[in-house]
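So, here's a batch of structures to check.
Look for chain A in each of the two complexes below; its partner is chain B in the first and chain C in the second.
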Partner chain A sequence: MAKHATPLLDQLESGPWPSFVSDMKQQAEVRAKNAENIEFQIPQDVVEDLLGILELSFADGTTHWKHGGIVGVFGYGGGVIGRYCDQPDNFPGVAHFHTMRVAQPGAKFYKTDYLRQLCDLWDFRGSGITNMHGSTGDIILLGTTTPQLEEIFYELTHNMNQDLGGSGSNLRTPADCIGMARCEYACYDTNALCYHLTQEYQDELHRPAFPYKFKFKFDGCPNGCVASIARADMSFIGTWKDNIKIDQEAVQAYIGGEFAPNANDHNGRDWGPFDIQKEVIDLCPTDCMWMEGNQLKIEDKECTRCMHCINVMPRALKIGDDRGLSILVGAKAPILDGAQMGSLLVPFVKAEDPYDEIKEVIEAIWDWWMEEGKNRERLGELMKRQGFQKLLKVTGIEPTAHHVQEPRTNPYIFWNEDEVEGGWDRDIDEYRKHHQR
Partner chain B sequence: MAFVSSGYDPDKPMENRISDIGPRKYDEFYPPVIAKNKGKWLYHEVLKPGVLVHVAEGGDEVYTVRCGGARLMSTTHIREICDIAEKHCDGHLRFTTRNNIEFMVDSKDKVEPLVQDLESRKFDGGSFKFPVGGTGTSITNIVHTQGWIHCHTPASDASGTVKATMDEVFEDFKQHRMPAKLRISMACCLNMCGAVHCSDIAILGYHRKPPMLDHEYLDKMCEIPLAIASCPTAAIRPAKVEWKGEKVNSVAVKNERCMFCGNCYTMCPSMPLSDKEGDGIVLMVGGKVSNRISAPMFSKVVVAFQPNDTPRWPETTEAIKKIIEVYAAEANKYERLGEWAERIGWERFFEKCELPFTHHLIDDFRDPAYYTWRQSTLFKF
Partner chain C sequence: MEYEEAKTAIVETLTKKSKSKSKFYFNDLAKIMGMKPRLAKKIVNQLVQDGVLEYWSSGSTSMYGLPGVGKQAAAEHED
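What follows is the complex of A and B.
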């Protein structure tokens, strides 16, 4: 018999999609039975109370979690989010229910011995409820009490060689796409760069010294599978400078119907036979492709590397060999000043260990933002407030036409005095000699 | 429940302390076929919904079976995932950005037993534990935030809306029917931990009532200047308030200026704004993050408000289904939802999707607003 009746949540057990309610119920049962004789360090019925309080929210349409509290582990300013419920008498098991963010491995590859070790720890010292994974990328351990925080951190670092992730006004845990590990489109090793910068900036990740949060995300190509351009203060997107490599025989195999277009992604309905003119050449946003007899031609100089042709014919077209990445900066969700997409800052840089050129850009931006950014002002908002020119100045990057969608439509240029011949100091008496009052 | 020490000594926190070590290194966890062929992949193909093959230069192949899951997950469930990975994949697996689980095997004959095993596992309540799908032009798993399970500012639930929506679009998780990728995302307030603002379809929790003021505690619990500075529309000012016969320092809110973002509540717990009638769902459509064919796009608000009709949000799932069906029927091959809506024109979009257009959908927030009004005579009757 469940501790709390959950008639509303029970309705989310039916239907085909995996039910989080069923999963929580099975967890509640496992804890109640405790076949392994675990000496639970937080209430055994924590999951039942979690279900109970969630049911209450489903009934009354509001949350029952209070504002955070300042809890954490010694020496870190992030990685733990304090959480208390506002009905502790009715749901004592979740009266204290803090979140811990655990830094996830690159591209979220795991071995089961690691996951089992984490499960053992979390059953023993926490609720056994997780997010795999949080939006930023961390493993989220959902729900433990204050006395357990240091214990969990100790076990993570000593027994699992594993650190916490970021939260608050610091560098958030960086995240990457699968990259070269299993993708032919990857223009650089996203796993390697993500790991390198994560290790390089551990201090910034654990000790909040920034005006607000700061996110790095690493996309291996312009397809953007980790959505870096929409959600990272610094977005690293793979690209190349030379020609798309063409295998003309494979092009013919696509035309002949031997290979399915778009890696067979559209096989759920009949779109008719593949038509290279209609499906590739006519959809090229720069009109830089054509057929000459049975040869596919690309005017690579005009290509903007949108990936469409490569996505449609992955066996025939390959990314170029002169590879690197573009850096876009300032993306964020709407709060406060409206959503922003990343703006192109570095059109091309090689991504090679030790990544010094990339780190120079990062550190110049941080110096500026930490000096000028207001409390809770994201980089994108500072860019809007002080201008893109300022960003170029602090990073020492030369302006190019790549930086704009189009030039400005007003002439209100903030000229610097040193850009104007003769400067701004003029003699009014001299002027009046030629211009009467 | 006796306290068991890990070895940590609270009196000597720095003794043997290990810190700043970061995550485990990615290549510790690569399956052998991935470690061997990293950077040498030639091409990939989707064999059927949920099953991919990647082929490497030397001829090695890796078969990936992708299955959906709730990101809210118990250790019991994770242990079952481990059982599967140990049975079929030598203990290797990965998760995707969109909360899917991927099991990888190195030969084709291992695929079918794995798929069958995954599809055979069900929760006691009847739902699948590991439905296979979510590749290509299917509708894949929803990225989302915490909602009522663990967050202090949500205007809706996340796991609940996601479960309700995925149940409705389940068939399309398991087949490649859409003209292009179709990405659904959910964020339970406009902090958007899930960054849903560039999704084909975004489900967004939103408040509609200004904050209440807990005058008795406000000055004790909050830094009043921070609360004032947090308001993007300058609707909050300091105020001396008469409260139960006493003059207290507090704030006043100009309600007609409030855009219900909740930023003040984030800074000041004495300004709560959640409310059963006030809170609900905004639907946004037409965003994308890929640079394919067209530049990345923001999602646009097409439904200003729907109530939190728990536990299954029928108005929301119905509107989403309708939009998906019209898009699936009318868009060109490779055309994302936003590209289709721009091609036919938004006036046509509302007509075809049978969505009412109201004043709420016309932008009036600062500079971006002007650029969304129509500065031409190019429209359709």
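What follows is the complex of A and C.
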């Protein structure tokens, strides 16, 4: 028998999709039975009270959570998100229900014994409810009490070789695609760069001094498996400068039906024979591909590295050899001013340890944003407010055609005096020689 | 500004304002010290380490305050 009746939540289980309500009920039951004889360090009925308070919110149409608080582990300004409910008498199990953000391993590689260790720890000292993974990429451990925080932190750092992630006005836990570890499209080692910058910027990750959150994400190629272009204040997207490598024999094998397109991803249905014209050439966004007899041609100068042709014919087309990454900046999800995608700042940079060129750009941006950014203003908003030109100036990057998003719609150009030869001063006597009053 | 001088300035200013405001943005602190953010951060870190300041976080935004001042009330705009 459930502790609280939850008719409104029960209704959520009636749809065709999996329901978090069912998951929570299951977890409530597991804790009630406690078959493993765990010495629960937080209330055994935490999940029941969580269901109860959510039901109450549905019934009276208002939240019963306060937002934020003074919780954390010593010396850290992030990683713990304090949550307290405003009905502690009726729902004592969730009087405190803090979230811990734990840094996920690079590209989310896990061993099962590690996952087991993590879940054992969380069953013992938390609610047992996890979110794998949060929108930042972290392992999210949902629901514990204040006295447990240091205990969990000790266990994570001393016995699991693990650290808390970022929250608040911090560098958030950097997140990367699986990259070279598994993927032949990777133009740089995302795991290496992500790890390097995570170590380099520990202070920024754990001690908040930014105007607001700041995110790094690393995509090995423009396929963007971590969607860095939409989700990170700084996106590092793999690319190449030279030409796509074409194996003409393999192209013929695709045309002849020997190789299945898209690595056989569409085999659930008969789509008819592969048509290179329709499925590749006509879909190239820059119109830079064509057949010459039985040779596939690409005008690489026009190619924007959209990855479409390579994704369709991976055995025939390969990324180029002169590889590195592009840096885009300013993406964010809406809070103040609507969603925004990243803008290209650095068209190409090599990604080689110790990544000095990349760190120069990062630090120049932080100096600018920390000084000029308003409280709760994301980098993308500062860029809009002060202009992309200002960003180029503070990063010392020369404007190039790559920075142009669309042709100019404003016919006027405003010059600063230092940009004009001779400045604004003129010799009036010299002028009067040629111009009467 | 040196550590002790900064500490005095911050504690004084925050105490004076504590009736109306208990939580401050990092930039407020940098302004009190009249320092560039990156340098100010070293001192603010130390002040937290020494228990002169404490963190407050909504989960998305972080602020600083004197320990024990305001507590949850600050989050509810009740003070």
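The definition used in the following text is that the second predicted complex is superposed on the first by the 397 of 437 C-alpha atoms of A that agree within 3 Å, B and C clash if a C-alpha of one lies under 4 Å from a C-alpha of the other, contacts with A are read in each partner's own complex, and residues count from 1 in each chain.
In this text, contacts are C-beta pairs under 8 Å (C-beta built on N, C-alpha and C of every residue); 3 or more make two chains touch, one makes a residue touch a chain.
Remember, predicted model here, so these are calculated numbers, not experimental data.
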| item | value |
| --- | --- |
| Partner chain(s) touched by A:Pro285 [first = chain B, second = chain C, both, neither] | first |
| Which superposed partner A:Asn375 touches (first chain B, second chain C, both, neither) | both |
| Chain B versus chain C as contact partner of A:Tyr114, first or second or both or neither | first |
| Touched partner set for A:Pro92, first chain B, second chain C, both or neither | neither |
| Contacts of A:Gly68 with chain B and chain C, given as first, second, both or neither | both |
| Greater chain A contact set [chain C / chain B] | B |
| Chain B versus chain C as contact partner of A:Ser22, first or second or both or neither | first |
| Touched partner set for A:Leu50, first chain B, second chain C, both or neither | first |
| Which of chain B and chain C A:Phe40 touches, first, second, both or neither | first |
| Contacts of A:Lys213 with chain B and chain C, given as first, second, both or neither | second |
| Footprint overlap on chain A, where chain B in one structure and chain C in the other make contact | 66-68, 75, 83, 99, 203, 375-376 |
| Of all residues in chain C, those that touch chain A in their complex | 25-27, 36-38, 40-41, 44-45, 48-49, 54-62, 65, 71-72, 75-76 |
| Complex contact set, residues of chain A against chain C | 66-72, 75, 77-78, 80-84, 99, 167-170, 203, 207-213, 366-367, 370-371, 375-376 |
